[in-house]
Structures are given as C-alpha cells and as structure tokens.
Amino acid sequence: MKIRRFGLGAIALVAAGTLALSGCASGGSDDSAGDTAAIITTNGSEPQNPLVPTNTNEVGGGKILDAIFEGLVYYDGDGAPHNAVAESIETDDATNYTITLKPDLTFTNGDPVTADSFIDAWNYGALASNEQLSSYFFEDIVGFSYDEDSELTGLKKVDDLTFTVELNAPKSDFPLRLGYSAFYPLPASAFDDMEAFGQNPVGNGPYMLDGENAWAHNEKIDLVVNPDYAGERTPVNGGLSIVFYATQDAAYADLLGGNLDVLDAVPDSALSTFEADLGDRAVNQPAAVFQSFTIPERLAHFGGEEGKLRRAALSMAINREEITDVIFEGSRTPASDFTSPVIDGFSDSLEGAEVLEYNPDEAVKLWAEADAISPWDGEFKIAYNADGGHQAWVDATTNSIKNVLGIEASGEPYPTFQEARTLITDRTIQTAFRTGWQADYPGLFNFLGPLYATNAGSNDGDYSNPEFDALINSGAEDTDPASANEKFQQAQEILLQDLPATPLWYSNVTGGYSENVDDVVFGWNSVPLYYEITKS
Amino acid sequence: MAGYIFRRLLQALPVLVGTTFLIYFMVFAMPGDPLLALFGDKTPNPAVLERLREQYHLDQPFIVQYFLYLGGIFRGDFGTSFSGEPVTEILARTFPVTIRLALMALFIEFVLGVLIGLISGLRKGKLFDASALVISLILISLPIFVIAFVAQFIFGIQLGWARTTVSAGAPIQDLILPAFVLASITFAQIVRLTRSSVIETQSLDFVRTAYGKGLSRRRIIPVHILRNSLIPVVTYAATDFGVLLVGATVTEGIFNVPGVGRTLYQAIIRGEGPTVVSFVTVMVLIYLVVNLVVDLLYGLLDPRIRYVK
Amino acid sequence: MSNNPPTPTPKHFVAPLEETPLVAIDAVNVGERKSNLWIDAWRDMRRRPMFWISAAIILLVVVVALFPNLFSQIDPRECVLSNSNGAPTGAHLLGFNKQGCDVFSRIIHGTSTSLSVGIIVVILTTVLGILFGAFAGFYGGWLDSILSRAGDIFFSIPYILAAVVIMSVFSAYRNVFVIALAIGIFAWPSTARVLRAEILRVKNADFVMASRALGVSNFKILLRHVLPNSIAPVIVVTTISLGAAIVAEATLSFLGVGLPNTTMSWGNDISAAQTDLRTAPQTLIYPSIALSVTVLAFIMMGEVVRDALDPKARAQR
C-alpha cells in the first residue's frame, strides 16, 4: 500500500495504469531522439522516511527508489514482470524458489551485487527491532516474526550468484512481488550506518543521486544517469530533477507555466480543464487503484440476509457512471469487480457484476425486501477523512442513495486520516466507511487476499467466508497464472454476492507533459517510465 | 528602558512553559493514533505498532511524554519528526523562508493599506473612498484559495510576469506574487483601520492648530495626521505577522513555498507532538519580541505613552 | 511639538473677546435636554441615510435567516447530479451547483448558520477583547503583563490544531455555538491588542486628566471616557472580522470539524465551489455576494456608530 500525501492534507490515491488505453504517449517509437544529456523535471513529494527501501511505503520516496534501485524483476508499462537482476527465478511447488543473479552487476559505489546483497537487505527489513514500515512483505518467508527478532531462515545462500527462498505456504505470485521496492538489494556499506545511507542511498538502478547534496529536503532531489547501469531500463535522457510539491495545484501550475516537464497527478481544481489545457499531452487512463466503501456486518440492519439485501440495494442505488462523469470529470472508471482493469486476469464480465450497475427499481425492491425482515430506521452514513478531498464524491454518492431509496443519507467527515483509521481499526466506527486499495504489485491476489480473507490484516469489515478463503488459497498455490486467475475470479463472484466492500470505481492516473518532452508512458503503478522519456 | 525590556523578556519564560504545555496537551488530545496513519489504508500488525509506540514514547501517559520532551529541550534535543529528521533542522529550514515571505507581505499590506487608507480618510465619502471599500469587500469575501489561484493563473501562467511557483531556495523575486496574495488577506483591515483613525485624528485640536499655524498639507498629513493615526494600525499589523507566519498554509501550498505553514499543518494533521510544539515555541518567541517592539514603537508614535517609570 | 526651540512667552493666554465663534462654542445652554453620549449618538445616527440603508439590509438578512421558507420554497437538499452546474431555469433563479442542488435556495437556507456564526464570534471576540484590552491598557503594570501574555499564548496556538481539538471534544454537539466558540476563542487577542494600544494613547488625553482631577473613580473614567473614545478601531476590526468568521466556518467544515454535512452555510458552498473555479465560477460568486452584502451592511453600520460616538468628528460636519 503506497500512501500519497499533500500539504493540504489530501491523501489522494491517484495512480496509473497501462498503455491499454491510448491517448497517453505519442507512440513509443518516435525517432525524434532527444538530448541524452537533458534533465527531465517532474513532480514528487518529500519522502516521509529516509530513503531505505524497506522503510518506504509512500509514493514520494517510492518514486525515487524505483529510479535508483533495480530489483530482481522490474515491471514494464503493462505491469508484466521482466527479469532484471535475476537471471532466473524457478519453482516447482510455489513454496521453494531458486533465484540466480546475473553476473558482474555493481552498485554505484563499485560493490558487486550478490546473493548477500539481497539476503542481508531482506533480513534487515524483516527484523522486528528495525521497525521497518514494509516488514510485512517478508511475512511469508520462513523464519519471519512480528513479535521478536528472528532471522529469515528461509533464505539460504548457495553461491555468490544463487540463493533459495522457502515460504511458509505456497504463494504462486511471489516472483511477481519481487519488483516491489521492499525487495531491493542493499550494498554492504549500507549496514554500517543505515541513517546516513537513508540520506545518501547507493543503488544499482538506472539513475543515481547527483552528488552528496542531491537531496534538498522539502525542495527537490536531483538524479543523474548511472554510467555503469547494464539493465534494460537504460535512460535516454540525462537525469531527473524531482521537485517536491505540497499540493497538486502548484505542480499543475508549473506544468502550464513551463517549469515542469512531466506531471503524474492533476489536481481536483483542474480535472474539468486539463484535457483542454494540454490537448494530446494530457494523460487519463485507468490505474491499479480500487475505491470502495465498507459496511461492516456488525452494524445494525447489516447482518445476515437483511444485510445482504441492503448492501445490494445500496450498491444498485449508486449511479457510478454519472458520479465518475460529473464529480470526477471522467478521471475515475466505474468498477465492475474488486481489482483493477490494468491487472492481468481482470474481467469485467464476472457473474453477478450487475449488482454494480445503477438500477433504481431493483434497489427499491431489494430495500423493501430487507424492510420486511426488519424495518429500516436512522440515517445511512459514509465516514471519510476530510483531509483527503473525499467530500464531493461522498456527498454525490449519499445523494444518489437518498434520491433512489428515499432514506436519509449523508457523509460523516473525520478531520484527520489517523482518526478515521483508528476508529476503523479498533472497530468502534458505527457507520459505513470509505476504503481504498492501491496495489503493491500487479497481481489479482494483492487486491483480494489482504482485504477479504478471514482475519487478514486489512479486512476492516471482518468479512469471513470459508468458500472465498478456499478459492483464494488454491489460487495462491496454483503455479499456472491462468488457472490461478480463474480461481481468483471465482472468488470475486462470491464477493459480488456478499459485497464485503461496495466497489465504486478505479482511480485513473491523470497527468500530462510539456511540449519539451516526448515518449511519456505511464507505468502500471501510476508513475511515468522516466527512463523512456526524451527531451529536446 | 533596559529594565523594562529585561522584565518583558523575563515574562517569556512562564509564557513558554504555559504554551508548550497547552500545545502538547492539545496534540495529545487529538483523536486517533498518529502511527496508524503511517500505514495508509493498510492495517499494520499489532506488534509492529507496539514497537513504534514505544519508540516515540506514545505508550507513556501524557505528563511523562511532556516531561521527556521538556527534558530533551534542555539538552538541546527538540526531538525528531516521524520521518526521522531532527526538528531543529526542520525549524532552521522553514522559518527563514517564511519570515522572509511574511515580512514582504507585511511590507506590502502596510504600505499599500496605509496609503489607501490615508487617502480614503482624507477624502471620506468620495469616489476613491467608495472604490477602496468595494475592493476590500471583494478581498474579504473570497477565500484565499481563490485569490491565490486566480493570481497564479493570471500573472504566472497567462501573463508570465512571475514564476508560477517558488523555485528551490525561495529567492525574493519568486516570493513577490505569494507575498501580494498573503497581503490581500489583511489589506482590508489595514485600510479600514487607517481610514477610521485618520478621520478621527483629523478633527483633533493639534491638527486644527497646525492648519491654523499655516502649515502646509504636505507637512500636516504625514507628520501630524498620519503619525498620530498609526498606533492601531501598527498594532494590528503586528498581530498579523503571527498569522502570516503560521496561517499561510494555503498560499504556501499553492505557490509551493517550503515554509512553516504547510510543514506545521502536516505535523498537526499527523499528530507529531514534538514538531508541533517546537514550531509553536519559536512562534511564541517571535510573537513576544514583535509585541515588545510594537510597545516600544508606541512611545515613538506618541510620546505621551511611556512605560519606563 | 515639544522639541521646537523655546518661543518667547506670549503676552495673552486668553483669546480676545471679539472672536465670537469661540464664545458660541463655549456658551452653555442650560435649557437643553439632558443628554449623554449614547443619546447624542442615537440623535446623530437617525438623521443619516446610511444608517437606515444598512439597518434595512441587516433586517432583511435577519428575516431571511429566521424565515427562509418565505423566500424559497425549493428544498435545498434535493440534489440531482444530472443538474450539475446547470444554468438558471424559471424556478431555479441562480441555477445549480456541482452536486445539482439549487444555488438560490441554498443561499437562503444557509443564511441562518452563517449569520449566527458571524454574530456570535463577533460578540465573543468583542467582549473578550474589550475585557482583556481595556484592563491591560488602562491599568498597566502587572495586570497588563498578565493579560497581554495570556493573549500571546492564545494567539500563538495554531488555529487548526485548536479547532480540531475543540470540535473533537464537543463532537456530539456540533452546533453553531460550538463552532463560534472554536473560532472566537483564539481570535480575540488581536481585538484586545488594538484596543489596548488605543487606550494607552487616550488615557493621557486632557479630558481624562480633567476627570481624574475632578475625583472621578478610575473605573468610571475607563467606562465613561476612555472606552468610548477608544472604541473606534475595535468597531472597524470587528465589523470586518464578521466576514472573516463566516469564511472561517467554511474552513472548519472543509477540514471536517465543522457542522454536519447536511447543514447549509455560505461558507460551505463557497469552499465546495472552489474546485470548479474555472468552469463554473457562478456557483462561487453567488454565495460570495451574499457574504459581501452582509459584511458591507455591518461595515456601514459600524461606520455610522463610530461617527456618532466621536463628538469631535461630528462637530466638524
């Protein structure tokens, strides 16, 4: 889960998608070769933590890490994994993996990239007393513990370029996860003084920091091309200057004012105009971000059969098409499942998906059936954090419900994200609440397992369905991606009946670029593939 | 005089203790667990949360947390933010920028406000006076977001007279546009205060005497009328300095000024006690000094006002 | 001017008698009706058209606030998204806002909230400001130190922090009074400081010396002479901050610590309209006009009162 924040408190989950939809880049094969020394300026935000891969869980720092590190695999624009540092990743049972590295790769300080670079980095990230924010990525590796310091005994070095990984349980999407920043390698020098390393990280990626003082806190960070980089993401420009913005409004103004080359987040105030402002330099395509609201079972009138009817009625009372069109100016795509259209295995024709379509008559009918079980009283409320720019859509959604079902419905704002999260986490919240999920890696399981499996970490609605659990687990064990995805889709069909969360829409990545740059392609995770950008 | 200043500086101590206590208490009283927000929409493992809580002393009762913080200050340790940056560094980075911006805004609103207020007062009820009132009203009723947005759009994007946002290092020329926007917030107050004060002063005996003595308007207006009208204006502008320092959140956000306003706002929203308290502590100190200077200024503007006994 | 070179001692201290205007001013009309500052002020005010105009606007706003249904029969909470930012039609005078609600009706129904928040805040800041400012300025010494430093503490507390804490503590009672309290409790120090400064100036005036020489008690001097002569800047600051308070209510709502979403107010509508600044500015402008006109009426009223309370300015006319 990557968190994005802005000065005005907005935690906007703006993300990106694949090249599936056109209208983004001007075709990757233009031979208007740019200046290979030119620096691309782009927007970012001050990293909230030192630049240590296992301690970075928000986009501000993640964007920088992805540029200066290279993991075992990397994701292309469509989110498909390709081997990067890894020569091969092999498994027979989805539990034991043998990973072989490419030879002769180095960090920018000259240290070689070896099996130890990964084993040590992962052990550092997993150690409880190191308090790394992304430690949960290692929880499937044998030896991991949240409660006490322990070694990841599942990691075994075979030789300098080979190591094996043993998981607690079969996880067929494990190789897919390895492109996430938490799995990046670290040079030996990092462990001497991790604090200093966090200020001046040394990586093995396409870019590197431009000298000691490259990171000007709260202002920008300057990256230059790593001359020794030997991977597939070789930059065709001279470097990146990532300028930190407190608000998207400021970044957008800079793009229009000619001070910024590439922007990956358009502010709400420009959603209605940015496509006119930028013409074919505007980007608006689905991304790996799923938005919903959750009605916990434990709320009055939402348990058992009555709850099932009411959830379906509420879902069909929401005119997603109109809200994404009017409130979001087309920068959201109405949801048809629980994942995202940019993920491999996505389907918009799941059985039961009609519950996500606007159907006032059916909604009224189902609501009346529920009323027959136990008459409705009170007001339907959706809680949200006011520091995230959610009010407009919550108001529109509750208005839609109110108009269709004729019940009182309104939004319930909490001033801070932390207050809303606290009430949700300790289960004291007495209303429905906003939920959202941005994928860490491009796989269906990531949208389902952590959210709806019994007792899963982010199962905020305490949903539990043995049938769903069984399907999810058998999908995770399946080493054949196609048949695994089929099981995940069947699992989703159960979710569509139960609606543990009410899917609303997928966020699009909205962005744009200046006339000075070309070949701008947005990755599956909403971040442009900077190394492909040319500047003239 | 020196004795008076010394006494005033001595008063800073109880004020500081009182303020830090109050602020710390308020941050403590903010609902919600600040650490949960670090994990976004994902719920962290309870054991992980527990460890982080210990690290930031958030598992201790309020009074213990406060004294731990206070003890740190005496050792010169103002704590660290959640991102691991020492609070002293954040202070040293943000305050110079914001003070520069605030001084520029103050200068603009004071010079323009007093000038327009003076003319309005001298030409009470005339066209100029009415126009100044209309402009003031527009500025009052539009939120600062709108003013900043429109100013940026017109002067930054369409006319290209100013850089759309403040570039790294916050050079003076980039700060001019945001300073004007900030100045617009209290411009109306300064105009109205100057105007009312000028109208009142104009009818005082010494002004009539000065006219009677045959002094020129060019001398009477600045020396007799303006100087004697400035006390409420200077006082108000001084209180506004404090507002400009911490209240520039929106303007700093839109023009991307790496200053106090947005940093403090984030710290508050995230519930970072040490950062918030340290910022406010510096604020109080600045505020005490500004008020002292203003009190001393009164003596210059009106010799009858004396503090030194 | 005290620093002028010493002038020769004048021969006469009393003006020659032939300067008749002086005599006229000095003359005491024993037969005139009994009067005091407030009666004089009222006599002055009621002769001025500006007083009646501003009073009429304020009265209108108050009537709208009390009986909104007299002015708009359309339900302001009936919002249909397909009308989003729609143009005016026959029944919908000012068109629709982003959520597809009737703009005119929302302004009418928002009057009561906005006006009450504004007025309560103004009363609160004025009362606290006068209490702290007047005593600090007039008595000086340690009382000044305590009161002024208390003001410094309140003023240096970040407004957002205070508002979030207060509104969370009173989360069960999110009404106009609590909102006004959250806004006002940290706004009064500027009023207090402006008043204190003015009192420092006025308390040295001759008429204060004269009263003191006549044996009038300190408190009476403060109440009868010093305060009325120092109130002008307070009126100016207060009338303008009425508008600021109405806008502040919007900021609080925007931050999620304001009134419930279902409450209508001008501030709410103004802040919600901000994102559509470039495509639908009218949804922002209409509530802003309502706010401006109201503030204008109060500024005009403040002006009239200020003039009326200032006998010297009055004598000039």
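Every chain is named by a letter (A, B and C) in the order it is written, and numbering of its residues begins at 1.
One rule holds in what follows: a contact is a pair of C-beta atoms (placed from the backbone, for glycine too) under 8 Å apart; a residue touches a chain by one contact, two chains touch by 3 or more.
All of these numbers come straight from a predicted model, not from anything done at the bench.
Asks: What's the chain with its C-alpha centre farthest out from subunit A?
Replies: C
Asks: Please list the single chain whose C-alpha centre lies closest to the global protein C-alpha centre.
Replies: Chain nearest the centroid of all protein C-alpha atoms: B.
Asks: With contacts defined as at the top, give the pair, A-C or A-B, that has more of them.
Replies: More contacting C-beta pairs are found at A-B.
Asks: Can you check how far apart subunit B and subunit C are, centre to centre, with Cα atoms defining each centre and the answer in Å?
Replies: Spacing between the chain centres: roughly 21 Å.
Asks: What's the distance between the Cα centroids of subunit A and subunit C, rounded to whole Å?
Replies: 50
Asks: Mind checking the centre-to-centre distance between subunit A and subunit B? Centres are C-alpha means, answer in whole Å.
Replies: 39
Asks: Send over the residues of subunit B in touch with two or more other chains.
Replies: 30-31, 149, 153, 249, 265, in rising order.
Asks: Identify all positions of subunit C at which a residue touches two or more other chains, and write them in rising order.
Replies: Within subunit C, the residues that touch at least two other chains are 164, 168, 274, 277-278.
Asks: Going through subunit A residue by residue, note those that touch at least 2 other chains and give them in order.
Replies: Counting only residues that touch two or more other chains, subunit A contributes 9, 269, 387, 414-416, 419.
Asks: Please output the residues of subunit A touching subunit C within their complex, sorted ascending.
Replies: 9, 268-273, 319, 322-323, 326-327, 385-387, 391-392, 394-396, 399-400, 403, 410-416, 419
Asks: Quick check: in the complex, which residue numbers of subunit C touch subunit B?
Replies: Touching subunit B from subunit C are residues 2, 145, 148-149, 152-153, 155-162, 164-165, 168-169, 189-190, 193-194, 196-198, 200-201, 204, 232-233, 235-237, 239-240, 243-244, 247, 250-251, 270-271, 274, 277-278, 284, 288-289, 291-292, 295-296, 299, 303, 306, 310, 312-313, 315-316.
Asks: Write out the stretch or stretches of subunit C touching subunit A in their complex.
Replies: 79-82, 84, 98-100, 164, 167-168, 254-257, 260-262, 272, 274-279
Asks: Which positions of subunit B touch subunit C when the two form their complex?
Replies: Within the complex, subunit B contacts subunit C at residues 7, 11, 14-15, 18-19, 22-23, 26-27, 29-31, 133, 136-138, 140-143, 145-146, 149-150, 153, 188-189, 192-193, 196-197, 199-200, 202-204, 231-232, 234-236, 238-240, 242, 246-247, 249, 264-265, 268, 276, 279-280, 283-284, 287-288, 291, 294, 298, 302-305.
Asks: What residues of subunit A sit close enough to touch subunit B in their complex?
Replies: 1-3, 5-9, 11, 46-50, 57-58, 128-129, 131, 133, 135-136, 146-147, 195, 198, 216-220, 243-247, 249-251, 253-254, 256-257, 259, 269, 387, 414-423, 425, 435-438, 450, 457-458, 460
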